[in-house]
Amino acid sequence: MLEIKNLHARIAEDGTEILRGINLTVNPGEIHAIMGPNGSGKSTLSYILAGKEDYEVTEGEILFNGENLLDMEADARAAAGVFLAFQYPIEIPGVATMEFLKTALNAQRKARGEAELSIPDFLKLVKSKAADLNVTMDMLKRPLNVGFSGGEKKRSEILQMALLQPKLCVLDETDSGLDIDALRIVSEGVNKLRSPERSMIVITHYQRLLDHIVPDVVHVLSKGRIVKTGGKELALELEKNGYADYVGEAA
Amino acid sequence: MTTPITLTQAETGLLDRFDAAQAGLAGSAPVAALRAEAAAQLRAKGLPHRRVEEYKYSDLRAFLKSAAPLAAAVTEAEAKAALASAGLLGDLDRFRIVIANGTFLPGLSDVAALAAEGVSVTDFSTALAGEGGAALLAQPKSAGSDGVLALNTAFVQGGVVLSVKAGAEIAKPVELIQIAVSGGGQVTRCRVELAEGAQLRLIETFAGNAGAGEINAVFDYVVADKAKLASTRLLTSEAAGAVLATTLSRLGAEAELKTLGFIAGPEFARNQQFVAFAGEHSEAKIYGVSMARGKALADQTLIVDHAVPHCNSREFFKTVLDGEARGVYQGRINVAQHAQKTDGEMMTQALLLSEGAEMANKPELEIFADDVICAHGATCGQIDEDLLFYLRARGIPEAEARTLLVLAFLSEAIEEFGEDDVTDVLEQRVRDWLAVA
Amino acid sequence: MPAVQETIDRVKAIDVDQYKYGFVTDIESETGARGLSEETVRFLSAKKNEPEWMTEWRLDALRRFQTMTEPTWARVDYPPVDLQDLYYWSAPKSVAGPTSLDEVDPELLRTYEKLGIPLREQEILAGVEPKNRVAVDAVFDSVSVVTTFKDELKKAGVIFCSISEALREYPDLVRKYLGSVVPVTDNYYATLNSAVFSDGSFVYIPEGVRCPMELSTYFRINEKNTGQFERTLIIAEKGAYVSYLEGCTAPQRDENQLHAAVVELIALDDAEIKYSTVQNWFPGDKDGKGGIYNFVTKRGDCRGKNSKISWTQVETGSAITWKYPSCILRGDNSRGEFYSIAVSNGHQQVDSGTKMIHLGKNTSSRIISKGISAGKSQNTYRGLVSAHRKASNARNFTQCDSLLIGQDCGAHTVPYIESKNATAQFEHEATTSKISDDQMFYCMARGLSQEEAVALIVNGFVKDVIQQLPMEFAVEAQKLISISLEGSVG
C-alpha cells in the first residue's frame, strides 16, 4: 500500500532538516502507530504524505500503490485515497460543513470517474455516518470548524474520513484536546473503518489512544528517523519508560 | 487651478510675520530657500482648510482668526521661574531638556548627565545653520505638501537634536518640555536619533501659555536597526491658539516604536503622525487618548506606511467628548505592493458624553500587497446604560460611576501602551479632567 | 452546493474570453443627437413627446452641467470621455412607441432570450410557478422595448412602465417625485443624466399594496458610441412593498462606453423597497481595452415613518464603476440596508460603497460589503455613515471585508463615520486578507482542485450578501462571481 524509502525532508522556507531517512512499509489492512517526542518529525511526515508545500523532499521517495505520491498534488492524493485527519482542523467561515462535505465527496468521485451523488443519497449517507459520531444536524449546518470545540473538530474530521472512505488514513494527534468520552467516540469511528483493504498511520504522543485503536506495528520516531519498530507492546513500554532510551540512540 | 486665493487676515498676518522675521530666522542659505518656499505655499494655498481632504474635519483656516508674532527669546532666569509652576510630571524620576519660547536652553537641561549616558543634546538652530541644515527639514512622501509642516518649516525657531549612541539603553525617561514663557508663536523642531540597538523613553510636554500664538512642534524620529523608542506626548496646555504637533518616524530593521498622544485642554489640537517602515521585522504601536469639551477640537491623524515586508503595526485610539466638542480620528494604513506579510490592526473608539458632541472617524486601508492581514474597527456611542445601572445598583453614585467607566474606557489604551511610570500621570490627568465637569 | 459545481463546469467551458454577453445584435437602429447641446436635448425631448415642463427641466440641467467639472476624488483613472463624440439617442427602428409583445421585433426578443431574459408572458407562465413570476421592462439602448405583465399589475393598482410612457400617462406623479431624491445638480454625472436621460423604468405602488410579483428591468447597450443614460423612479406609497431587480450587459467592443444612470427610490410611511442589481456590463478585455464606464447615482429616500430601503448589488462588470447606492433615513424608525459584492479582475477599477444618512429618530442601517480583487484590478470601498443632531438612537453596523487574489491587485477601504448625536451607536469592522494557504491546502487535501477550492472559499466569503438576493438571482450571481475570477489563480 505505502512504501516510504529513505525520505529526507526540510522546511522549504528556512532549510531546517526535519526528516533524515525514513523507511516505512505499510501493507493493506495494517495499522501503524508512529510515536515520538515533540519535534521528532511526526507531523511533518503527515503533512508530506498529504502534500503540504511548506516542506521540500531532498531525498527518497514515497510510493502509494506503486504510484509516486510526491508527483501528485494534494487533491490528486486525496482522490487516490490518502486522507489526513488534521491535528488542527482549519476554520472556513461562511462554508457550511454540509456544503463542504458534499463538495469534497463529489470532487473525489468525479476525479475517480464516478457519478456525483444525488442530494437525497448524499443526505442519507451523511446522516447515517454522522449519527455514529454524535455529529448533530446543527453542527453540519454551521460553518466548517468555526466555533467548534476541540472534540467537535475531531469528530468532524473522522466524519469526513468515514464519508470519503480513503485507502490510507493518516491520523495526526487525533487524541489531542479530547476528553475520555470524546476519545471513545472518535476511536469507535476509526475502528469501524478498519478493513483488510484500508491502512492507517496513527500518529500520537501518548499511548492512551492506542488502547482504543490497537495497532499492528509501533514505530518510534526521533530526530527524523525511525529508531525502533515493534509490536503493540512497544507502546506500553514507552508509556512506562518514556522516550529517553530512544532519543539517545538516534543521536 | 491657478486662480489666486483671497487670503484671510490670519494668512496675511502670517505672511507679514514671515517677511519681518525672515532675516533673523536660523539656517544656511538652502534652509532660507526652503523657508521661502514654504511661505510661498502658504501664499498660494492658504492655511489648510476643510476642502483639503486631510483637514476635512479640522479647518485650521477657519479657526485661526489672526496671527500673533513669534514668541520673543527669553532668559534662563525667566524660563526657570516659569518652569517652577509647570509641574506636569510631578516627582517622576527623569532627565529634562528645556525649550522655552521656541529656543533650547542648555543651562536648564540635563546635558551633562545625558552625555554620561550616551545621549548628546545640541541646539537645532545651530544644526540648521550648518552644512546639513536643509536635510534636517526633509519630510516624508506620505506627508505630501502638508500645510502644518510647511508652517513649521517657514517659522521654525529652534529645538534640539538628540542622539542616542549605538547600544545605549537609557533607563530613566527623558522629558522634553516646551514652555511658553510669554505669548506668541512657538515653532520648534526636534530631531531624535537612535543609533543601532539604542533604547530611549521620551516624554514630550507642553506648558505655559502661548496666548493667541500657535504651538507648532515637529518631532523627527530616526530609529535605527534594533533600536527601541517609546514616546508619550502630552498636549495639555489650556492654549487659546492652535496646538499642532507632527511626528515623522522612520524605522530601520527589527526596530520598535511605541507612541501615545494625549490630548486634553487646547481649543484646537491636532496630533499628526507619519510613520514609515524602512527595514523589515519592525513594529510600531501607536496609541491615542483624546478628551475635549466646550467647543474644543481634538484631532488625531496618522498615516502608517508599510513600504517593506514583515512589519507589524497596531493603532489604538480612544476619544471622549463632552459639551460641544469635536473629535477627529483619521488613520490610514498603506501597504505597498511588495510589503508582504504585513500585519496591521487599527481600532478607534469614541464615547460621547453630551448631546452636542461630534465625532468623525475615518479609518482607512490602502492595500497593494496580497499576503497581508489588515483590519480596522471603529465604534462610537455613549456610556453603556446597563453598566452604569449595574454600578449604581451596587451603590456607586452616578457621577462616580460615570468617571469610573470613562476612566476604564480610556485606560484600555493607556494600559496597553504600558509605560508604567507615565500610566499614573496620564490616569491622574484623566481624573482631573473629569473632575472639572 | 450545486452552484459551485455548475460554476466550475461553466468556467471550464469558457476558454479565453469569459464574457458571454459580448455579442452584438444586428438590428437596424436609428441613432441621432450626436454631441451634447441644446439641440440634442430638444431632439430627445421631442422624440419622446415630452411635456413642455420636462423639456425645460432638461435644459436647466444642461445649463447647470455646463458649469460643472468632472470629480476626481474617486480612486479611478481613465482618459476623459468626449461627450461631444457620443450619440445620445439610439433606438431599434422597429420600436415606434409603446408596443405590445406581439409587435416587438423578433430579433429583439431573440436577443433577450439569448441573455436569459424571457419576455413572452405565456412562456414564463408555462415554465414557472405563478408566485415566481417576474415582470420585465426591457431597455435596449435608449428605449424601453417592452414591459411585460403590465395589465396584470394594473389590476393590482401597480404602475410599471417605461419612464417615457410615465411622462405621457402620469405626468403629475413624475413631476412630483422626479429629482426629489437626487436633485438636478447633485453631481456631475447626475446632472448630465438629468439633461439627456433617454429611458428607464417607472414604478408606482399604491397605498397598502404588496406588489404581486418581482419587477425587473434589463438594460442592454447595443449600439456603438452611444451613451446610455437611464432614469429609474420607484415610489412606494404608505404600507406598500416592492422588490425590484436590475440586470445589465453590453456587447464586447474595443471602445469604452458611458453609462450614467440615476435611480431614485421613495418609500413613504411603513413602505418597503428592495432593490437588487446584478451588474455585468462588459468589463474590457484582458489587456484592459474597452469596457463600460459605469457612473451611477442611486439614492433612496426613506421619507416616511418605519419605511425601509434595501440595496443589494453584485458588481462584476464594467471597466470603471463609480457607484454609491445610498439611503436618506428621514422618517423616524426607518431602516436602510446595503449589501454588496464587488468583484474586480483584469484591469477593472471599482470605487463603490454607500451613504447612510441618519436624520430621523431610531433610524438604523446595516452595511455588508465584500470586495474581491484579482488580476491587476483596484477595488475601493468608500462609504459614509452619518448621524445628524436629531437622529437620536441611530444605529449602524458596518462590516467591510476585502479579499485579495494575486499580488498585482489592490484593495482599499475608505469609510467616513460621523456622529453628531451622543445616543447614536455606530460599529464598523473591516478586514483585508487573502485566501490563506492553510484553507487552500485543507480543501485540496480533501480532493478539491485549486479552482474548486477558490470557488468554494469565495462563495463562503460572499455568502452573507448572496443570501439577500432573490433566489433566481442568487444562483446567477454566484456563477457570475466565479466566472469573473476565472484565471485569477495558478
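Things worth noting here:
Letters A, B and C mark the chains in the order given here, with residues in each chain numbered from 1 onward.
To be clear about the criterion, a contact is a pair of C-beta atoms (placed from the backbone, for glycine too) under 8 Å apart; a residue touches a chain by one contact, two chains touch by 3 or more.
Note that the structure is a prediction, hence the values are computed from the model and not measured.
When you average the Cα atoms of each chain and compare centres, the chain farthest from subunit A turns out to be B. The chain closest to the protein's centre is C, with centres computed as averages of CA atoms. Each chain gets a centre from the mean of its Cα atoms; for subunit B and subunit C, those two points are 44 Å apart. With centres taken as mean Cα positions, subunit B sits 55 Å from subunit A. Put simply, the C-alpha centre of subunit A and that of subunit C have 49 angstrom between them. Residue ranges of subunit B in contact with subunit C, taken from their complex: 53, 337, 340, 350, 352-355, 357-382. Every residue of subunit A that touches subunit C in the complex is listed here, in rising order: 50-53, 73-75, 77-79, 84, 86, 89-90, 92-95, 99-100, 102-104, 106-108, 111, 116, 119, 143, 160, 164. Contacts from subunit C toward subunit A in the complex involve residues 1-2, 4-5, 436-439, 441-450, 452-453, 456-457, 459-464.
Those residues of subunit C that touch subunit B in the complex are listed here as 73, 402, 404-434.
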